[in-house]
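Written below as structure tokens is the structure these notes are about.
To keep things simple, chains are lettered A, B, C and D as they appear, and every chain counts its residues starting from 1.
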Amino acid sequence: MTERAKPTTAICDYTADAIYIRDMSLVDDLIGQVNFTQMIYFQILGRMPSDGETRILDSVLVTLMEHGMTPSAIATRLIAMSAPEAMQGAVAAGLLGVGGQFVGTMEGAARILSEILDADEGVESAAARIAQRYRDDGDRLPGFGHNLHRPDDPRTPKLLQVAEAAGVDGRYISALRVLGSAVDAAYGKHITINATGAIAAVLLEIDVPWEIMRGFAVITRAAGLVGHVREEQLNPAARHIWLTTHDEIEYSGAALKK
Amino acid sequence: MTERAKPTTAICDYTADAIYIRDMSLVDDLIGQVNFTQMIYFQILGRMPSDGETRILDSVLVTLMEHGMTPSAIATRLIAMSAPEAMQGAVAAGLLGVGGQFVGTMEGAARILSEILDADEGVESAAARIAQRYRDDGDRLPGFGHNLHRPDDPRTPKLLQVAEAAGVDGRYISALRVLGSAVDAAYGKHITINATGAIAAVLLEIDVPWEIMRGFAVITRAAGLVGHVREEQLNPAARHIWLTTHDEIEYSGAALKK
Amino acid sequence: MTERAKPTTAICDYTADAIYIRDMSLVDDLIGQVNFTQMIYFQILGRMPSDGETRILDSVLVTLMEHGMTPSAIATRLIAMSAPEAMQGAVAAGLLGVGGQFVGTMEGAARILSEILDADEGVESAAARIAQRYRDDGDRLPGFGHNLHRPDDPRTPKLLQVAEAAGVDGRYISALRVLGSAVDAAYGKHITINATGAIAAVLLEIDVPWEIMRGFAVITRAAGLVGHVREEQLNPAARHIWLTTHDEIEYSGAALKK
Amino acid sequence: MTERAKPTTAICDYTADAIYIRDMSLVDDLIGQVNFTQMIYFQILGRMPSDGETRILDSVLVTLMEHGMTPSAIATRLIAMSAPEAMQGAVAAGLLGVGGQFVGTMEGAARILSEILDADEGVESAAARIAQRYRDDGDRLPGFGHNLHRPDDPRTPKLLQVAEAAGVDGRYISALRVLGSAVDAAYGKHITINATGAIAAVLLEIDVPWEIMRGFAVITRAAGLVGHVREEQLNPAARHIWLTTHDEIEYSGAALKK
């Protein structure tokens, strides 16, 4: 066997009568002492959040849980119908849609906000430059625009308000607002700051790095999808979706004519 | 197109300027008003939990989040290494292990507790009968025994204590305790009530039906696995696991000798 | 570290200049020498199949690859739209539907055929007994009936014919036919032997145990789903499925009226 | 309901007594007539491959099926142990590792070969320019180098030889060889063309576009992973991997000392 340096973990260890998570006793210090939101932050970021940080994370998780019959929700329902004995597979199927097209924009927005704050030229100049760059390239600017929530995404002001009431430093939120003005100027019209843009800003305010942001969407979407599994158990829709899709998508070949 | 009755959903709908989840306004009634645990219960079970129910659900979610280098955590880390650009795949891979061998026992325990309470013969008699049946058949009794936490699982008394302090009816917890005594009698030795047994009882106390219990394990394990993805980003272990496994599992064929 | 017996693997090992799979050299003995179907059988069952066995396995894999806009295909398309950068996730999402409701029946049919052949009472008597048991219990008999392909599943006679032409012992096929007659007698009407029933029989003929049968469906469905990913790249349908589903499944709450 | 243009599918349709796949009858034209490899090509690319194309695709699928205790194989085994009732989940878990780090390089290599052939400057000049660009940027060049198979990947010459014997146009293979020489020159040492580089070239030769290449890896890895599920059923290793990992990865916290 090759010798190689052994990695370590700071997350968890246990004996026959105790379980430690990041050096806190699961039984003595965590169960009954902290709520799920605090525990999530503690598990992922390695420190217990303040009350304000917890409220902000709550607002993000509540916002992202559910948005109706999304592609993920439909996928979960179809798989729940096909393999009802393995609920974890149905939820996993839907979670696989938490990718580039929807939540990927959250990471993109977070990187832009960080770029704006790190720029030597100052926030306003950096925001204007970036807005113009996206405008010129014709690329979709992460965190801006929404195909449905127009002219404004109603979640955005609420998320920012909750964060400010909870007491944050505010520089990422401020950068987002400056960018919003720069975007309106560059595009010559109002483009909404969408919920993923606002979430990027408030998660940065509570020290969540962009590299793991998607993970928070995965967690709360898991809860949303379990809700769809439950409704599918009680009031199934998947068979209807299946048959409707079969009827809707016509075969373009010559062999069969419906 | 075939005519067929259209199913409905009670979960979510939206317009351009409002999102409703089970008839509450996401922006006006939920974000900043309820925490993640309340929102999870509301999404899945369709009513807002009481403060006591919320504390109980918190205790369950905190308990199940993390248990070290489990098969699920290892799978998540290996997939995070292989496809770091798709974190949702890494979490999904680990969640696929939330199946029969580990959390499946929670559902089994919940069904047994319900059977005990529904029996005409009374709780004590039903518990004794069921304990003896498992003893005679040599089947593993769901919710009892643990390969590590012996003689007692430390999570169990804490979970029951949190639930009782939160104010529950208590009949499922009581049935679990009666069953525990019956098990000790039937097997002629003490067998611990494990955490999944306790969780089954306290989730039944807060009206979570056994059919959807696994979903709560999926949600909190998702958070645990995001923690492992984050540690893998900062302090990777997956490559070591891979190479160690390659060294450990020897090829039994004749073609190569290491 | 605890000492424990190390497991072994008979599948694969490699050095810097050779890769061995089950003691055959990948480069010298397999690439360019065997086709994919032979390699699949060799990988899973540990011996190279005969030409007849290969033809039979081909017929099964060809049969199961594709059946239109199935729940799995729809799930794959929706996830491909949501996370186009991670095709493996889209295929995995669809594969998660290869569960109890559809391919699970193949395993059930295989177990019944084995039970019939293992019975002391003789094939005809066992078949009649089993058919009657399902009839009395009102359970769905695995391998029989089809919601669309009525009165007969056209794939069944073709699969049996290919297997017989390829030269099999024939006892599982014979047991299936005897069971088919017993089913018609027990139910008092003709019930088709469906494709999963026929596949169960012909896979048993080529020594595929029921415990791993589902794996062959997973492999060929993976290919089918890659076809749907490709069509989604060229001629997308997922967005239409999404929006149609949103329109079709009406919100039952009071808050919003469309 | 919003009116929107209905998409179509060219893949499959069926009636009660016939199933058509791309206008060929499944029962009359495909089962028993074409093998699995032909069917895969037909399903994904929409035309039946020639005998030579089939042999080349066979060589690729045989090459990529299995490479021992890879991260994907380990993930599949761990999930198979955790949820043995849902084999599709175990295979899906492993497939989620068919991402950027391993097979992603196949797509990268295919894009480079296409760039070389499309360049106005000629193949040799373009190859030299690209090799130098990767050298200067310090990026890993897709399709080149291998951490184990040194100085040369034994699969590469075999794959190219099978393709040339099967009768291809040869321009992608030729571009790959030119690039190989340019790489050796730019880096001042020999760097092997690895199997993913060779596979990129031979798949381009048979008209597989880079956008769907990963799909072929997914299909054959599914078969490889079913082999690991089968071995896990007969000769389990997952529990050993789990316990060894737990022992190997030491807890870095202060709370517990092993």
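One rule holds for everything that comes next: a contact is a pair of C-beta atoms (placed from the backbone, for glycine too) under 8 Å apart; a residue touches a chain by one contact, two chains touch by 3 or more.
Remember, it's a predicted structure, so these values are computed and weren't measured experimentally.
Student: What are the chains that chain A and chain B both touch?
Tutor: Chains in contact with chain A as well as chain B: C, D.
Student: Starting from the Cα centroid of chain D, hunt down the chain whose centroid lies farthest away.
Tutor: Following the centroid criterion, the farthest chain would be B.
Student: Can you work out the whole-Å distance between the CA centroids of chain A and chain D?
Tutor: Distance between chain centres, rounded to whole Å: 30 Å.
Student: Can you work out the whole-Å distance between the CA centroids of chain B and chain D?
Tutor: 36
Student: Quick one: chain C and chain D, Cα centre-to-centre, how many Å?
Tutor: Here chain C and chain D have centroids separated by 23 Å.
Student: Return the residues of chain C touching two or more other chains; collapse runs of consecutive numbers into ranges.
Tutor: 6-10, 12-14, 18, 68-69, 83, 85-86, 88-89, 92-93, 96-99, 237, 240, 244, 248-249
Student: Please output the residues of chain C touching chain A within their complex, sorted ascending.
Tutor: Residues of chain C touching chain A: 68-72, 74-75, 78-79, 81-86, 89-90, 92-94, 96-102, 237-238, 240-242, 244-246, 248-249.
Student: Going by the contact rule set out above, which residues of chain D touch chain C in the complex?
Tutor: 1-2, 4-14, 16-19, 21, 26-27, 30-32, 34-37, 39-40, 43-45, 54-55, 57-59, 61-63, 65-69, 86-89, 91-93, 95-99, 148-150, 152, 154-155, 158-159, 161-162, 165, 211-212, 214-216, 218-220, 222-224, 226-231, 233, 235-237, 240, 243-244, 247-248
Student: Tell me, which parts of chain A touch chain D in their complex?
Tutor: It is residues 6-10, 12-15, 18, 20, 22-25, 83, 85-86, 88-89, 92, 96, 248-256, 258 of chain A that touch chain D.
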